[in-house]
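Both complexes below contain chain A, partnered by chain B and then by chain C.
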Partner chain A sequence: MRSFWKRHSQPYLFLAPAVAVMLFIVLYPFLYNVYIAFSNMSLYHLRDLEFVGLKHFRTILSEPAIWAVFGKTILWTVVNVVSHLVLGVGLAVLLNQQIKGRAIFRALLILPWAMPQYITALTWRGMFNYEYGSINLGLKAIGLSPIPWLASEIGAFAAPVIANIWLGFPFMMIIALGGLQSIPKELYEAADLDGAGWWFRLRKITLPLLKPVLLPAAILGTIWTFNNLNVIWLITNQGEPADKTHILVTYVYKAAFHYYRYGYAAAFSLVIFVILLSFVLAFLRAGKERTR
Partner chain B sequence: MSREGNRLRIVKSVVIHVALVLFTMAVIYPILQVISISLRPGDRLYSTSLALIPDGATLHAYYAIFFEKPFLLWLRNSLLVSITVTIIGVALASTSGYAFARFRFPGHGAGMLGFLVSQMFPATMLLLPLFILLSKIGMIDAIPGLVIAYVATALPFCVWTMKGYYESIPVELEEAAMVDGTTRAGAFWKITLPLSAPALMITALFSFMTAWSEFMVARVIIQSQNLYTLPLGLESLAGTFQTEWANYSAGAVVVCIPVVALFLILNRYLVSGLTLGGVKG
Partner chain C sequence: MLKIANFSIGYCLALLLVIFMSCGGGGGGEEGGVTKVVLWEMMDPEEREILDELLAEWNAAHATIQVSRTNFGREQIRAQFLTAGLGGGGADLLFGAADDVGPFSIAGVIHPLDEILGAEYLSRFSEIGFDRFDGHVWMLPTQVGNHLCLLYNTDLIAEPPESLEELVAMAVEQTIDENGDGTPERYGLVFESREPFWLVPFLVGFGGWVMDDEFNPTLDTPAMAKALAFVASLRSEYGILPRECDYQLSDTMFKEKKAAFTINGHWSWGGYDDSDVPFQVTSIPLNQETGLWPGPMISSRGYYINSSVEGERLIKVIEVLDYLNSEEVQIRFADRLGVIPGLKSAFDHPSIKSNERLRASWEQYQKGRRMPVVPEMRAIWDAMRPGFQNVLNGESTPQEAARAMQIDAVKKIAEMKG
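Then we have the complex of A and B:
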């Protein structure tokens, strides 16, 4: 024991503060969440808790509305992450060429990332306003009829997607720019000599060499998008119309803090976590296999 | 290069520039829109004009938020929370990231994985138990409760960033110093830490932004209006039945200026500080 401590005391001392904090504010709440998930805790049962077993999990699986929410979550995540990657990589490739005012473009295009998300969301909510929002005013100006964005189920889902694409692509762009700068120029020169077109260069040089940088970024992006509360909550004003625009996390948030269904929400949080975890693991495995 | 090829290249360059300019204009339009609304006079709040500089532009909304609305109070609360979170985040991430980067010890893999997995927690999974626990010890509706929740959110990403960056610094530099009689902690403090400035900047920026821009956690933990942080305050301007769009927009502009400035100043660190962390994963 003593020799073990002697060998490893340094890393543990460096780690101690962070680990102590994480144990107290992450692990402990997490275990408490598991505990609540199997109890009947709600606003009316805060102290007199009873063990209810898998009751909440059964409720979750038997609610038909959940599957629509689940489908929307997948759609929301896929559309956003794919758009972020396509826009981010595309812009990075453009900006990596000889462009006049490159620094200015870069600085301006990074702005959506710099803005706090809640401001982005509230601002876009204003822009999607039926009568006074600039999007409908713009549509009218070019002779199209205005769209009731926030009043219809589809519109109120499309609106946050548009806003979220806007706020998310700069992160991917910066990551891709960093990756592009590390690709040796000689590779492109060699491809030029062979008379390769841009599509070939993109598919055979740029994308494969960007992959080690983009894969972790795409995984992070997936996690962040899947768990993004702000944008949907604020743009649809808590899931309007009629709680039809929720993704999983906003749905649970409402169950917990508006309907005070603590046990149910805790169980649901666990389900969401397991879904996301299995996605990410599958993603990682697929990424690894293709590298081989 | 033939004349044909030259002409093709010029056309291509023009097309790229035009596409970039158009796209950039579309991207910054919402930002210009906020600035524009903040300048609108009170009688033109519900305007159907698309002009960016409104008729009768005025700075009245800025005057209003500072002198008629409790904006300064929200600002004070937000600064208090954000600076505390930044200090805690940088201190914890710079030390634990170092342990992960430089040592192999039992629990190394599990620890890194733990930080990564905690990023996948849906917000409610920590927020709900924290909310119940905090209310049991009377820390609901209190600034420290908010700080606790934010450190838990920001820390994992910061630890990964710091670890990735430390790994790019040659360990020989520390070893040379230790040969000269410096302790490990001394080498870390005097050599590695100063060299890690880009990653420290990213960590600080990320911790600060987490706290400065967070809304969903704050609206659960904070209830009294005199503890409102900026996000809660601004939402109360934008979210009530009678939306004060001009005041909200003026507030949004003031809130964005420091973070945007930080972003642009740290712009050059973003690539080096982030990608290195990403590649080394």
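Then we have the complex of A and C:
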């Protein structure tokens, strides 16, 4: 043991600060969250906590409204992540070409990512106003009817989706651009010699070689989008109209900080954690199997 | 190797120390003989301007007690203070609204002021400003009112309306679509029509209220249905209220002189003055159908003291509180922003008595109803909001919405109580 420690102590010592910090800022809050998930913690029971077992989990799973919120969360995540990937990779492929003004385009396309989410969300909210928002004014200018974006259930859900697509594609674009630049040019030259077309090269060279960088980015993107509170909360003004535009995290946030249902919200957070963990494990396993 | 180990351990300890120190959650401290008092507030920009002047004057005159402030949004300040306060942190002083009295006092994050300041101290303030909860006073009522009034652009409206019917007729006249594109260039009446706070005056005008004396919701009533139908008709029948008219839009339209009337509180007046809108304040006019005055919710805004502030520090914090509630300070706020002062001597000051806007605001105040400060009010607001929006969007009838509000409020209150 002593000789093992002598030989291997250096990496452990280097890791120690990070591990200590992680234990304190991740593990402790996580365990505390698990603790209150099984308690009756609320505004009325802040200091006299009682163990309530699986009560909150039963409530969560038996509320019909939650399944609708869950469905919307899946839709929100899928539409956003797929759009981020398609737009991001597409634009990265274009920007990887030798085109005039490439640096300017690159800077412009990164702008949405550089803007604070809070400001972007509120700006988009203004743009979606029925009478004076620039989107409806544009629609009217080309002879189309204005859309009640923020007043109807579908419109109010579509509005943050559009804003979040705009906000999120630059991240995928930057990741894909980095990946593209690491693909050896010789592969494309060889494909050219074999008479391969643009589509063939994309399918057989670009996308397979981008996969190692896109896979973690897609997983991260999914987790971020699934847990993205700001955009949907601010654009829909806390789930308007009539609480119809919640995703799971906004629903939990409201339960915790509007209604002070801390135990319930903690249990709900655990459910979200399990959903995301299952997704990541399944995604990684599928990725590994395909690689084999 | 030993150096690396020492560095790692030192680094680790330093990092943990930083984390522990930041867990204080925003409260002040002592530094080189100087007491740092932290104030969290939810003031509007115009109010903050005055507060900054006041704090600069205080800090210049008091080398040993330095005050700093942090601004939060209306919703954030409650959540942040509650969370920080439960952990023994948070600001020393908090400027907030009276509806936080319930959650803060139940959570035990604020001091009962009657116990630490005493009855004589509190008697300097108007009795109408106090919201007692659980037999105690928890917030010092610096400002009284915090209520909605009817505001009209005096370039467009010579005399204010005397009834709701007259208000509607005048607003119809003032709604102008010059180019006929279906979007009026000027609207007769604009107000935040997504938040139930703006529905309440009409609810009262039709004889309704939000809860009974035992804090049970009373939303499924004919009065609620009539109030909802009335507000919906402003848009659907008379076309005098824009679609999706939120606070931002109504505020901007009134500032840009694109609206004849608006319904807003004193917090907006400074902005309208800065935008050179000639306006006057009046009461929301009588509902002739019922013979009742529309009554906005009235409440106070003022200062809370964090329950973790004790001993010598508490004495210093009370010194700051004294200054922020002095007659001179209250008159400054009232003169410049139209705030009704909570301090009796400031309220009776000649400059306040002669202020026409304040007089009109005071008249409206007297027609209002006091906002309950119990935590259940949060559930009632959130239950009213969807129904209100559904009626305005044409997705529910007023009767359906009133019924849904009641069911939802009862459910939410039961959930809150666990």
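Please note the rule applied: the second predicted complex is superposed on the first by the 285 of 292 C-alpha atoms of A that agree within 3 Å, B and C clash if a C-alpha of one lies under 4 Å from a C-alpha of the other, contacts with A are read in each partner's own complex, and residues count from 1 in each chain.
Here, a residue touches a chain if its C-beta (ideal position, glycine included) is under 8 Å from a C-beta of that chain, and two chains touch if they have at least 3 such contacts.
Source: prediction; values computed, not measured.
When both complexes are overlaid on chain A, the residue A:130 reaches chain C alone and has no touch with chain B. By the document's definition of touching, of the two partners only chain C reaches A:259; chain B does not.
Residue contacts after overlaying the shared chain place A:190 against neither chain B nor chain C.
Of the two partner chains placed by superposition, only chain C is touched by A:243; chain B is not. Touch criterion not met for A:68: it reaches neither chain B nor chain C.
Applying the stated contact rule after C-alpha superposition, one finds that A:207 touches neither chain B nor chain C.
Of the two partner chains placed by superposition, chain B and chain C are both touched by A:14. Once chain A of one complex is fitted onto chain A of the other, the partner contacts of A:284 are absent, as it touches neither chain B nor chain C. Between chain B and chain C, the partner in contact with more residues of chain A is B. Residue contacts after overlaying the shared chain place A:106 against chain B, while chain C stays out of touching range.
Taken together, the two structures place residues 10, 14, 17, 21, 25, 46, 126, 131-132, 237, 257 of chain A in contact with chain B in one case and with chain C in the other. Touching chain A in their complex are the following residues of chain B: 13, 16-17, 19-20, 23-24, 27-31, 33-34, 37, 46-48, 50, 88, 91-93, 95-96, 98-100, 102-103, 105-106, 108, 111, 114-115, 117-133, 148-149, 151-152, 155, 159, 184, 188, 209, 212-216, 220, 231, 234-235, 238-239, 243, 245, 248-249, 252, 255-256, 259-260, 262-264, 267, 270-272, 274-275, 278-279, 281. Residues of chain A touching chain C in their complex: 9-10, 13-14, 16-17, 20-21, 24-25, 40, 42-47, 126, 129-132, 140, 148, 150-152, 237, 240-244, 254, 257-261, 263-264.
Those residues of chain C that touch chain A in the shared complex are 1, 4-5, 8-9, 11-12, 15-16, 19, 75, 78-79, 82, 86, 103, 106-108, 181, 183, 194, 242-244, 246, 248-249, 375, 378-379, 382, 385-387, 389-390, 392-393, 395, 412, 415-418. Only residues 8, 10-12, 14-15, 17-19, 21-22, 25-26, 28-30, 32-33, 36, 41, 46, 91, 94-95, 97-100, 105-120, 122-127, 131-132, 134, 137-138, 141, 166, 174-175, 177-179, 181-182, 212-213, 216-217, 220, 223, 227, 229-230, 233-234, 237, 248-249, 252-253, 256-257, 262, 265-266, 268-270, 272-273, 276-277, 280 of chain A touch chain B when the two sit together in their complex.
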